[in-house]
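Each of the next two complexes has subunit A plus one more chain, namely subunit B in the first and subunit C in the second.
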Partner chain A sequence: MTDVAQSSTLETSFKTRKTMSENVFGWLLIGPAMLFIALIVAWPLAETVRLSFMEARLGGEKYVGLENYQDLLDSRKFHQTIVRTFYWMFLSVSLKLILGLIGATLLNAAVPGRALFRVLVMPPWVIPIAIGMIGWLWLYNGYFGVLSGTMMSLGITDGPFEFLAHKQSAFYSAVVADVWVGTPMVTLFFLAAMQGVPRDLYEAAYVDGASRWYRFRRITIPQIMPVIVSMSLLSAIFTFNSFEIIWILTEGGPRGATTTLIVDTYKTAISNFKFGQGSARAVIIVILLGTFSLIYLFFLNKVNRYYGNGKK
Partner chain B sequence: MMDRYTKLQMAGIYFAVTIFLIFILLPFFEMFMASLRPLEHLFRSPYQFWSDDFSFQAYSDMWETVPLLGRYIWNSVYIATMVTLLTMIFIIPAAYAYARLDFPFKNASLAIFLGVNMFTGAVLLIPLYRVLRTMGLLNTYWAMIVPGVAFLIPTGIWLLRSYLEKIPRELEEAAYVDGASRMYTLRRVVLPLAVPGLIVVGVAVFIGAYAQQFLFAITFNQQRELQPLPAGLFEFIGYQDVTWNQMMAAALTGILPVMVIFLFLQKFLVAGLTAGAVKE
Partner chain C sequence: MATLDLLSINKSFGAAKVLHDISLAIEDKEFVVFVGPSGCGKSTLLRIIAGLEETTSGQIMIDGKDVSDAHPVDRGISMVFQSYALYPHLTVYENIAFPLRVQKMPQPEMDAAVNRAAEILQLTDKLQLKPGQLSGGQRQRVAIGRSIVRNPKVFLFDEPLSNLDAALRGDMRVELSQLHRSLEATMVYVTHDQVEAMTMADRIVVLNAGRVEQFGTPMELYHHPKTKFVASFIGQPNMNLLPAKVLGSDAKSLKVELDGGHQMVVPVEAGLVSKGDNVEVGIRPEHVSLGDSGLSVTVNVLERLGGVSITYGAVGNGTRFCASLPGDAAIREGTPVTLAVNPDDCHVFDANGDVLSRQAAPELAG
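Here is the complex of A and B:
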């Protein structure tokens, strides 16, 4: 009795003493990081917005109002770029999620060797994307890549097939490379989530005679739903922003077939020094990313509530 | 019982795993095969999978074709190390604050940090270029280090925070009752206990820093001697012909540092990085 009383007074004294300087101390601790982000991210972001109203080149700047935005709205090429970006994102994210789900299920199966398989899945996640893309450049090469080589020996194509030289095939080849980069992370997060599902749920279902497929559909999927949703958001952001993959494989070509919004922005601003027009594109990217982040957060909240994980 | 598979199911699982792994590992395998082929056989037509003249010649020739190769690898490691050190200095106090303290705008400021994750450098390149120019950092190591740190701080705070939350509060309270100051408690009580977490987060940051150099390097740095490997590799393309076999050899050599670190720590790393997926 005395013990409890004593410890509770101790705790309150600890708390009251703490709150005196806690506000200040907290900001003192996050201050440096905040300042750094403000300088390197927030200020440039504000600059981007300002520049988007300017005609800015190497020589100087001139205020032009909404002209840069108007040009984009009127440009058919830009409309195509937007559509292409969303198609790219949709295709790539869906494939990553599907492959990730299949991969995680396989790696979660209780078979000998699974620890090794788990390690083998990770390399694309760990290495620099630029280096992985050198491997894909080689694979997609018509003359000495194994893909074209196999296709030739199987008689699917007559001559060498250059994957990156045709509009259609270049686009889908870039998607495949992007999926390759993103799948390991998705797989491992799904796997971790699956391992966190309480075993007794499965056992109860098993005792009741539920099949594997049924257990997967009715236990695994609902249980890992919050992770599926958050992984879709993360993958969507990564894929939308994916620059190096496309830049190294095709630089946005052939004839613009792989030019997504981010590549278009880079080409406009950095390659052609049209800073104002590039900034207008960057602002549109920020608005789009912000919008669907909000939509996703909304969904995530809903999903969490729906599956009543009460885990918060 | 529940986990028992029939022979047929086992075969199916292994078959599917094999296909999955082939997809993941094919580029590495091809890079390795290409690095072993003599240059003139790389361009053999029709395509031939097996050669009888595989050799490791490219691994020694590459240092001569691109004399700065060693320098590039060193630059990569150096930049990643500096980024990691600086990032840790920023995130340790911040992560502690988010894990333990209660202060005004705590959630709002955390949301701002995480919002940074939405942008890649690509969106901010134009003004960032000017900021770095104003500070006189273009074409120095700092041009690649500074933005690198900024884009790793949010993830770092997030990861480290969940570690610090797991450290029992009682120890800090005991230290506090004994009259230790806040800073002292953080330095002498919390940090020593957090060492495993600090290592995992540090390695994760290092791997991220090693991986993200390309964009900053090609945009903010034109000095060849400072270029990190992913940018330097593209020197094998150019001049007269592309020495693909050496480029592959150099690429594989260049990922060795991260792969070694990763293989040693993969178990902790994966557990640490995916922690958010399991708990909450």
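Here is the complex of A and C:
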């Protein structure tokens, strides 16, 4: 064997040994986290799937096969809930994205006291949702609420208006509260992305005569597009699963007007003790969100490629 | 194309004054380079011409028209940025076409303009690529292409070559000079690199701490620096500045004793300098030769570059001295050498750093 061949064999065996010990070490490092995730995520998920095939109540369980799913597919009420959930998600996410974009643009502008404004957008996100929603409950209250009072004094309504007591107004009031909670995060992410856009690009466009709007449209938006897309996915998942806001404001009422899938699931499984039917709903949520995320990630990939700089 | 006049430009950022009363008259089709160390205000001055910064006071005239308050587009300038400022999400074509899209130019005209620029800059086969797929030099060309399609009165360049490696920088210098000749455009170019300034400029503006030290042709700055700053900034390696004492003077010469004891008579006008004053004598490294009498220098470091040997040493009380000697000069590190100096090649600076007028300067080329 020549010297070169020998040394390369030596190197290979050394490499293999090193890789093996590195592998073991790696598994040791992530082991505890894996175990933890298995306990708090994988096991409950598996248990939910199992329960969805059962008629499970406090008294006991009975295997019913796909009956729970069949019931859901046949239920007009459930169809309405799905449509309502997607409408809730679409409306709320669109508003969060639009307001977030406007907010981030304003916060990114060189105005005096900019740092203060940046802090002032945080509270809706920072204060606990329960406390924030109690505030909104007061705002929406017909007798003591500032909104109803203002409408009365302006002559828009004759008497007190309970925002959360009517089907239509309750739904949109809940959307407003949800947007209030969700917009700061979107705003801050957009702001961070905008601050990452090199100033030279704007200056070059300015020198070339591009207006403020043109620069926003042709530089800011494309440059932050990957963040817009990923934020809309995150925000869509959060909004889809937004439970506390609706629960504290309306508990899904009046007459189901604010019952989204997640609220429906909670009501079925926890309030009415129908664990099997509740689990079937939960599984449907997982399937819907999973499909939705896959489509989105595919889309995100395309966007990144289109708006990227061409590097592989 | 156009003339560019700056009249008493002042600029302050808060309490910090960065430009002091700058007045320059730049001719039509001239290639003018602003050169100076970091923080001298050269980029600020360029940004003021571009309309990216406002002046605190003063006027900017392009083709005799006051454009001090005009938008960059109305000034008729275009600018190439140090970072190139290419839009990463747009193709080369769209990057070059950007200013034309802003103007809403019809597509056929735009195609023609972009293709013409691409041809000049050898980018024709790269038009559908994105900036991330190009090399540094190609990106630089795209940035220049975006300037060319605007057909501006004045081109502005802000350190456009500083992100390129040395070899490419040399090539791009040549290309830019050729571009200047073929476009017959007025160009203002900012750099901290005196080699770029010397090789490309018709005239150079040397800036120091927000003031114009000197405005002149490269050879004028080399042979007739007005101040010690210009003398030491222009020329490679830097001019040696040796402390000296004035022994005496007449109408056309000054007798000095250099640090280290060497005495010489330099043909300069004494002006306000008189016997006993301290001055500095400037000697360019390339203006000394090995000889029997002259400066005694101890060689510390020797860099043999082939054609020349750059010799670093010390004279007198340790004042650094650099000499550019023939490539195969018979010298060794650690040994003393005697360097002959022709007084005609020497510059003398008074205590304020101003030059004493030379009597024996060479005729200027060109």
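Here, the second predicted complex is superposed on the first by the 288 of 312 C-alpha atoms of A that agree within 3 Å, B and C clash if a C-alpha of one lies under 4 Å from a C-alpha of the other, contacts with A are read in each partner's own complex, and residues count from 1 in each chain.
Everything that follows uses one rule, which is that a residue touches a chain if its C-beta (ideal position, glycine included) is under 8 Å from a C-beta of that chain, and two chains touch if they have at least 3 such contacts.
Note that this is a predicted model, so its numbers are computed, not measured.
Colleague: Of the partners subunit B and subunit C, which touch A:203 in the superposed model: first, second, both, neither?
Modeller: So A:203 meets both subunit B and subunit C here.
Colleague: In the superposed arrangement, does A:295 touch subunit B (first), subunit C (second), both or neither?
Modeller: neither
Colleague: In the superposed arrangement, which partner chain does A:73 touch: subunit B (first), subunit C (second), both, or neither?
Modeller: So A:73 meets neither subunit B nor subunit C here.
Colleague: Touch check for A:44: first (subunit B), second (subunit C), both, or neither?
Modeller: A:44: touches subunit B, not subunit C.
Colleague: A:98 in the overlay: touching subunit B, subunit C, both, or neither? Say first, second, both or neither.
Modeller: Neither partner.
Colleague: Of the partners subunit B and subunit C, which touch A:214 in the superposed model: first, second, both, neither?
Modeller: second
Colleague: Quick check for you: in the superposed arrangement, does A:156 touch first (subunit B), second (subunit C), both or neither?
Modeller: In the superposed model, A:156 contacts neither subunit B nor subunit C.
Colleague: Subunit B or subunit C: which reaches more residues on subunit A?
Modeller: B
Colleague: Output check: A:223 vs subunit B and subunit C. Expected answer is one of first, second, both, neither. What do you get?
Modeller: A:223 contacts subunit C only, not subunit B.
Colleague: Both subunit B and subunit C contact which residues of subunit A?
Modeller: In the superposed arrangement, which is not itself an observed complex, subunit A uses residues 203, 206, 311 for both subunit B and subunit C.
Colleague: For subunit A, which residues count as touching subunit C in their complex?
Modeller: Its residues touching subunit C are 198, 200-201, 203-210, 214, 218-219, 222-223, 225, 306-311.
Colleague: Applying the document's contact rule, which stretches of subunit C touch subunit A when the two form their complex?
Modeller: The touching residues are 50-52, 71-73, 77-79, 81-83, 85, 87-90, 98-99, 102-103, 129-133, 146, 150.
Colleague: Over in the complex, which subunit B residues touch subunit A? Could you list them?
Modeller: 1-3, 5, 10, 13-14, 16-17, 20-21, 23-28, 30-31, 34, 42-49, 89-91, 93-94, 96-98, 101-104, 106, 109, 112-113, 116-120, 122-131, 146-147, 149-151, 153-154, 157, 173, 176-177, 182, 207, 210-215, 219, 229-231, 233, 244, 247-248, 251, 254-255, 258-259, 262-263, 266, 270-271, 273-275, 277-280
Colleague: Looking at the complex, which residues from subunit A come into contact with subunit B?
Modeller: 10-11, 14, 17-19, 21-30, 32-34, 36-37, 39-41, 43-45, 47-48, 51, 99, 102-103, 106-107, 109-111, 117-124, 126-132, 134-136, 138-139, 143-146, 148-150, 152-153, 160, 180, 183-184, 188-193, 195-196, 202-203, 206, 227, 237, 241, 243-244, 262, 265-266, 269-270, 275, 278-279, 282, 285-286, 289-290, 293, 311-312
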